[in-house]
Amino acid sequence: MTTHNDTTQYTSAEMMTITAARALTNNMTCFVGIGLPSEAANVARLTHAPDVTLIYESGTLQTKPDVLPLSIGDGELCESALTTVSVPEMFRYWLQGGHIDVGFLGTAQIDRFANLNTTVIAANHPEGGKNGAHSYANPRVRLPGGGGAPEISTNAKEVFITVKHSKRTFVKDVDFITTIGFGRDGKGRDNLPNIGRGPSVVITDLCILKPDPTTKELIVTSLHPGTTKEDVIEATGWEIKFADALETTPMPSEKELHVLRELKARTEKAHSAQEAI
Amino acid sequence: MTKFMTLKDAVATYVKDGDSIALEGFTHLIPFAAGHEIIRQKRRNLSLIRMTPDLIYDQLVGAGCVRKLTFSWGGNPGVGSLHRVRDAIENDYPCALETVEHSHAAMANAYEAGAAGLPLAVFRGYVGSELPLVNKEIASIICPFTGEQLAAIPAIKPDVGIIHAQKADRAGNVLIEGIIGVQKEVVLSAKRSIVTVEEIVDNLEVTPNACVLPAWTIDAIAVAPEGAKPSYTLGYYDRDNNYYKQWDNISRDRDSFNQWLESHVFGQGDV
Amino acid sequence: MTKFMTLKDAVATYVKDGDSIALEGFTHLIPFAAGHEIIRQKRRNLSLIRMTPDLIYDQLVGAGCVRKLTFSWGGNPGVGSLHRVRDAIENDYPCALETVEHSHAAMANAYEAGAAGLPLAVFRGYVGSELPLVNKEIASIICPFTGEQLAAIPAIKPDVGIIHAQKADRAGNVLIEGIIGVQKEVVLSAKRSIVTVEEIVDNLEVTPNACVLPAWTIDAIAVAPEGAKPSYTLGYYDRDNNYYKQWDNISRDRDSFNQWLESHVFGQGDV
Amino acid sequence: MTTHNDTTQYTSAEMMTITAARALTNNMTCFVGIGLPSEAANVARLTHAPDVTLIYESGTLQTKPDVLPLSIGDGELCESALTTVSVPEMFRYWLQGGHIDVGFLGTAQIDRFANLNTTVIAANHPEGGKNGAHSYANPRVRLPGGGGAPEISTNAKEVFITVKHSKRTFVKDVDFITTIGFGRDGKGRDNLPNIGRGPSVVITDLCILKPDPTTKELIVTSLHPGTTKEDVIEATGWEIKFADALETTPMPSEKELHVLRELKARTEKAHSAQEAI
């Protein structure tokens, strides 16, 4: 990691978070996943989108945490929320009820059709996953599981994904579809009633990807400053395509970097000021 | 009233070997003290249910109390894996562990259906997910009005529901405040219920629509100050995030876990 | 923000002829002011939905706004019949009125299902009742796990949901407190929603789990002091039981009703 | 109505309410219908059953009103309740969830199998109702409808009914089954899963009736003091049977009458102290 005492230098992680934050606008209701999405969502709220509505699956509606939560149900989320509802109400009325514009998710694995896997990494997958049940029965790594993601992805109007780019993460076919992007063939959302339009953008530490309007395969639409096509090709487990009108992602602004660093410093301080076991 | 008991007596009276038990609390109000008492009383063959089996279930599994786990997100939030749960699944240590895996929406709906006295939960879920391939509990119904296919799973109706709450009044009515998760549902759907509280007060002093469980929905109330630590109780104490981080090291190794168990669970007690 | 409007503008903007509309409030917080504004604006062919169509719907029906009524208990509570509703059903005066009749449990579940975005409500209801013989909306599903037959009815998803509440803050978030009925469900399930409030305050000053509707769930907020009278608003004014008793005489006769309508509704306005 | 300044005299309505009150015991949870049941339930609470749990369908849990509510959702019910839940929660979690011991109902019509009709009185019913759909299409009197009763009767563990005795009310077959007692043939609850045991007692101003354990037909088990068998036969629309061991209902006690009269006086005062239209 580079040092970042000034704002002409920044890390790729900071670039990712700030770019992800920019995807949110002021009038959106966003169902926030813990970790990277939570960081990005709160940077958005503290910069260009002060009125963005953040909702966590713990039941906290319209929350404005001063420090990032370590868990999805930190006290900070409840204390700074407009109100807190039960978890069944959160999933029934607020998510399934159609009140969420954006579901903001992270993942352990993502494939070319933006399907997400947070269940198992398979022990052996000769040609990538493609057989979820087989992978499930033969795990190499057991991941935490789906949590809220399977229904966030289908009941929110659209989905943003933010995840670090690597060949281990960006695979041709996920070992297990925990959460649908566009299915094994890109047609998984076709002709289904009452389903959101799915992933519209994936933000990594290297680039921005969006699904091709027709095939739904993820293609690179913008490279972060200093990233080359080769960097992305090297970090992606399928033959990644690039948009004809490939853009360069704007650099983080001074204000964005300042807000993110202050937020992380406050968070670090708050979470370490606690007794030992 | 017999409703007020020591935690020791409450667990001895209401928790049996082989029971299905839900100890709930969504990050907030996790009933650690009750979980430790179950370990001390060496209950076996439990079927544990919990949306987010974090440290408390890692401890119960590691202590050999559990044969089956129903869950929707298993991990140490913000830290990593549950090593004792993984050791049980992967190596049958200290005993084999069967798992039933759901999504959060599914389990939240299943608790709701249990509280509502229904045999099933109906919701718009699992669309495109491969979880139905590996969980045979997941079925569907067809809406007779629209023809839409909706997910259906069995309601959760545990033998025992255990939660932690802020306070009870002297009549045994309990206030839960803050992130209330599925706690009301757990108590209402369970055949038997135990609630640990920070304190007993003369008057709950609540607003009209507060989340209050009437005394007659609860079998036993035990006073357990700091009974949710290292989780937290809104208005009483904060989450001990360091404990969660340090658990990663303690739980990674069987010996260090067993040492911790001896000193921090078996060495305590008589709450 | 455009969210704050006069009641006149709110009704003009969001209530259209032919709409399905739920004005809810279970005895408490009945949105009379909004109902009167709908009468003043002479909306027609409305499909009204309400668990307990009491005076407010008697007035809307008597004023000729309504062609269909979905309900589960129709009467003047503790007093007697709704004479204007009866006159419409029995004599097509001032116009014919179609009715769809449910039980409270059915409608409460249908509102819940509407808020939950589902096409149907599933519940254990109508067992042995003859209402399914006369309401073709009532169907059933079979639980795939137990084989039990359960009642199924379509979710309620009105075009417009209208409620009255205690107060809004300046951002347009609304607090409902006391007997909250199905008010949250009405707003969340409706395509468009209007909330009248007693007052606007700087800060709602609520406890963590208060029933608060975020601003973004509401299309229009109109200040309507005493907007629930002769019903009541907890913390503001009591129910005017005498009004309910006297309504029996006013409404029994077409002329006295029409006189009341002229003086108490058309003679008022511009809230 | 007789005057009742002393407690050796009382009205038949008072006898009915006090007898109905006695059916409730201290440890019961009771889902209370408005009107006669509400009056009886609160007399029980103010006399022998101070800890009886009263629940109204408006969402008020464990309420202790000082005056009787005119409607099911009077402010008094909420202000004196332990807590107040939403109406969907009341019907889903508290009633359907199996937490109600007794549903306490009134009615407009009741038949020999304790089926209740609060929907329509039929225009003509040559041999009593028996065809609910026909009655519904041809009403002589339109009643308020079912309200909470249809599901209270099936989801509460048992049902108490209190209603004034008359030939108009006690009919052989109700014109419409709004709320099941034991069905048109007395077998309506047989072999059904998850259903309460139904009406266990009917308290009128003349007597107490209970369903025959086998046939489920209502029979008189106790006559109120001063009531004769002929009075009951005269007021009942079917050939009413009397139990072999026919009892005499105990008279109201001084305390019971005092509590009831005070409650009604407080109620009268509270409800009249309001502005005119």
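Chains: A, B, C and D, in written order; residue numbering restarts at 1 for each.
We adopt the following convention: a residue touches a chain if its C-beta (ideal position, glycine included) is under 8 Å from a C-beta of that chain, and two chains touch if they have at least 3 such contacts.
Heads up on the chains, UniProt names are B, C = Glutaconate CoA-transferase subunit A.
What you see is a predicted model, and the numbers here were worked out from it, not measured in a lab.
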Comparison of A-C and C-D by number of C-beta pairs in contact, larger one: C-D
Euclidean distance of C-alpha centroids - subunit B vs subunit C, Å: 39
For subunit A paired with subunit D, centre-to-centre distance based on mean C-alpha positions, whole Å: 57
Inter-chain centre distance, subunit C versus subunit D - centres from mean C-alpha coordinates, in Å: 28
Residues of subunit C whose C-beta touches two or more other chains: 112, 116-118, 123-124, 146, 148, 178, 180, 184-185, 206, 208-211, 234
Per-residue overlap in subunit A, given as positions that touch at least 2 other chains: 78-79, 84-85, 92, 96, 155, 194
Chain contact graph, described as a line, ring, star, complete graph or other shape: other
Residues of subunit B defined as touching subunit D within the complex: 112, 115-118, 173, 184-185, 188-189, 206, 208-212, 214, 216-217
Subunit C contact footprint on subunit A (complex, rising order): 27, 29, 53, 61-62, 78-79, 81-85, 92-93, 96-99, 155, 194
Subunit D-touching residues of subunit C, taken from the complex the two chains share: 26-28, 51-52, 71-75, 77-78, 81, 86, 89-90, 101-106, 108-109, 111-112, 123-131, 133-134, 146, 148, 178-182, 184-185, 211, 230, 232, 234, 238-244, 246-247, 250
Residues on subunit A engaged by subunit B in the complex (per definition of touch): 34-35, 57-60, 70-75, 77-79, 84-88, 90-92, 95-96, 115, 119, 132-133, 136-137, 142, 144-151, 153-155, 176-180, 183, 188-189, 192-195, 271-272, 274-277
Complex interface listing, subunit C residues touching subunit B: 116-120, 122-124, 139-141, 143-146, 148, 150, 152, 154, 177-178, 180, 206-211, 234
